[in-house]
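Okay, got some structures for you below.
Two complexes, one shared chain (subunit A), two partners (subunit B, subunit C).
Then we have the complex of A and B:
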């Protein structure tokens, strides 16, 4: 049997995490190939709807990166996103969905190792949880 | 003369009453059409063939409903989902939060007044998960609402009989409401028995109003008289999921200040009418969620 390779949708804030992911590429640090990056203007743009849609279309996990506290380009978008994720996790738990598949972290625009570590840890975690049963086709 | 039929599935007849509530204009309408099947007004058990417009009232709950629905689809040229149960699953859709066996056990065996209950199994159709009718057949037009506005049913019928598709409202209840928009964040959560202040947005005062996530078309009837919207018209046309939209709106507005706002207590409000067609229901149906 082939080794399970998860598909993770990552929403990256363009002001911090997206730049860091760029540096990770340029400096050849690298991050797991399971991560599919979506650039957002601010982590506050990510609505619960986007997250639910990712799951229903077969993503194995959803990862959100915002700026550090106090460093948001739009005053408090990252804290709102944190709040949204927290409440959505509660909602998913209420209906019985495993909310471990959803995570949010705050990274500064120079925390290269931190970002890559979060991505690696999350990939390992999802690998242990197994694939999303809604996955439609291989190699999505 | 064109034929219309009203076919009733899992429903309480409220939408049927809303149809009859077209009132005097119903007489003008009946000059042009022939009402061939309607259990409240016409004494006929079977569904006649070659119907021009079939109005389906109620969602799907039993295998009998599915049969009836498929028969209606095969006989009707235009199929209209009338009411929130047909469009989104409605309030009974909330029973999808629990699995089928435990809800059957609760209803027939678990209630306090039941001494020795038996789940009916002879000569009754199978109970299946509550679903909107669009999961089984193609729906040509939706008239949401609980019950729908009578004038909406009338307007839709008139233009459907002409062969046109009537326009759908694209905005939310908040766009029609005169009280809003909220100018400041609410300080505390208010319950429905506390009298609201006049001419102030209900969300701003701390009432749980579903206006931001609900489809327009009702003229914001409830908020106008101080009753918070409960989202009976389902999600706005471009939003896929009503609960996620209102969660999105409320987090910015309410969660920062109000600590007592617990999702466990309010999740039934989020999906009161649209749980059976929500993304979460999809996740449950396809097996991502463990059974409790």
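Then we have the complex of A and C:
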């Protein structure tokens, strides 16, 4: 069997994390190519629908990055997203998806190492968890 | 959505060799050609260069492209550049999607060229899929009223009003008290210039020193400023450019036009009460002028203590008094609102004997006492017997940095205490002054000199925590017991001054409800972003300045007032409020009127109509999409980030 290479969808807030990801590029700080970044206006825009859409399309993991607490450009979008993620995690377990496949973190717009470390650690975690079971059922 | 078939053009930038040395752009181009609805795909060395931009424009026209996908650097770099090209080529600038294959691929996966190319293909596919779902986004323009409401007539409000009037706006200044000037008028001398509070240096038009007295007079006489004293904002409706404001003007009972401030009415008034302006250090009548320096120089009747005996009405030579005056309601249309409601001193009731002993006073009372035009004519006395004190102890951080009262640092009390200690030492070198502190924080520009000067003048500094204050009835001295560096010690004083923290001014909470803007837990107004939007609020068109956000020095209050006025000017100057409609939008067929969007919107931009359908106020929407994520019916969408647009990206990055 060929080595499992996970595919991870990362939703990045355009104010903080998306800029940090650009800085990662500018400073040539590498992270796994498994991370596929999607820009959103605020982490608060990410609804459970989008997360489930990612899983049903074969994502092995979903990451969400918002601004630090108190630093959200929309006052509390990041915390609202955190709440949704918390609730969705409970549901993921019941449909047979390990809730560890979904993570949300808050990063400031200068937290390069933090962002990259989260990406690396998450990829490693997903590698251990193996492929998305929905994908296996569909016979991918 | 356009009915014309999508004709997607893909432009892959090699960025010199920056992208091409990691990613196989040729195979990327071949991949792009086979993607759905792509009619043209090409590579280019430098798409952002002048000739690259021309190439882009020509290709759009030649191949009749209507959706543009650019695979290049981060959209944060050149999105605006490329959008302008689209506009020039006759396309809506929002029909552009950028795949970030430099920052997110070439530069971070240089050790894995195969993986990078693979990922770039996915990013490109996502961009193409998303591009086919993009919509044209128009620019909206709403006419704006060229007038501004300033709430609060302290130094911040006055400055903002004057600046805005200079810009050419019609300004309405609303002050809840009978006079303008705020806290600054009460302070005696003010730092860092050590001149009197009424003679500050608010540089406006002339170069010489100008006193607040004159400054306020400028406000009162300015052709474009209308002042409402004794007034409160009762209701606000609308949005930036078009706020409808209702003001309640409480009766002053004295006609401002007729009164010449002769003072005869005051002499015949039978009622005498403590004067709040001097914090009870002097008395006033029911008809009064708080201080000879106040403006407008008009008497006012305090309705709470007036018994309506009518003596003043009989004696007034100008018939200026009308005891039957009723509150008025005034409606105004304004384009923006500046909140400058300021702060008040914390009342340390029951703390260290304040309220029980008259010789326990606050720094603001001491300021009144040291003011040459104050109740004691500038003499330092003990309140109880009018004799000069010999030993003064100041206690810092009362009602400040204290979890039991106010946990925050009030910022300015250290400097106030040092200023007063210095004034006392210079006037009465024989008086002992001791300051008991937690930390001395004098971080302002040039303020450290207060500390060094005080040290030189012999002010004693004791770091410690006050445990108890007891008054010895025999010696009539206060015994202050405190713990300093683990040791207990006792200080003696015949005048105890509490450096109190500052709290939001009365009515801030009610005003926040009227304006729909947010308060911090401590009751001060909160800015939209602590660093990048320090003047804005969560409501577009409402700005903050001065101590409404937290205790600040005069200099900073003036700074913020100027910042707020320029913010107002920026948003209203064109006479229109212009904005791209990348805003939330409701599909009325799906809306179930559950109000989740209304409740979740941080900016009050969504209202549910009487028919039970959500409406987005586009000028207030800030494009976060929280409502769209929360909507259970899928009726609320954010344009340019609709569900189908985000889902297209998700599908693109995942599916082969």
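Convention: the second predicted complex is superposed on the first by the 131 of 140 C-alpha atoms of A that agree within 3 Å, B and C clash if a C-alpha of one lies under 4 Å from a C-alpha of the other, contacts with A are read in each partner's own complex, and residues count from 1 in each chain.
As a working rule, a residue touches a chain if its C-beta (ideal position, glycine included) is under 8 Å from a C-beta of that chain, and two chains touch if they have at least 3 such contacts.
Being a predicted model, the structure only gives us computed values, none of them experimental.
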Which superposed partner A:98 touches (first subunit B, second subunit C, both, neither): first
Subunit A residues touched by each partner, larger count belonging to subunit B or subunit C: C
Partner chain in contact with A:53 - subunit B first, subunit C second, else both or neither: both
Touched partner set for A:80, first subunit B, second subunit C, both or neither: both
First, second, both or neither for A:25, with subunit B first and subunit C second: second
Subunit B versus subunit C as contact partner of A:41, first or second or both or neither: second
Which of subunit B and subunit C A:88 touches, first, second, both or neither: first
Subunit B and subunit C contact sites that coincide on subunit A, given as residue numbers: 47, 49, 53, 80, 84
Contacting residues of subunit B [partner subunit A, same complex]: 97, 239-241, 243-245, 247-248, 251-252, 255-256, 263-264, 267, 270, 279-280, 282-284, 286-292
Of all residues in subunit A, those that touch subunit C in their complex: 7, 9, 18-19, 21-22, 24-26, 28-31, 33, 36-42, 44-47, 49-50, 53-54, 57-59, 70-71, 73-77, 80-81, 84
Complex contacts: residues of subunit A adjacent to subunit B: 47-49, 52-53, 55-56, 80, 83-84, 87-88, 90-92, 94-98, 132-134
Interface residues, subunit C side, partner subunit A - complex: 74-76, 100, 102-112, 115-116, 118-119, 122-123, 126, 518, 528-530, 532-533, 538, 600, 602-603, 622-626, 628-630, 634, 638, 641, 643, 646-647, 649-651, 653-655
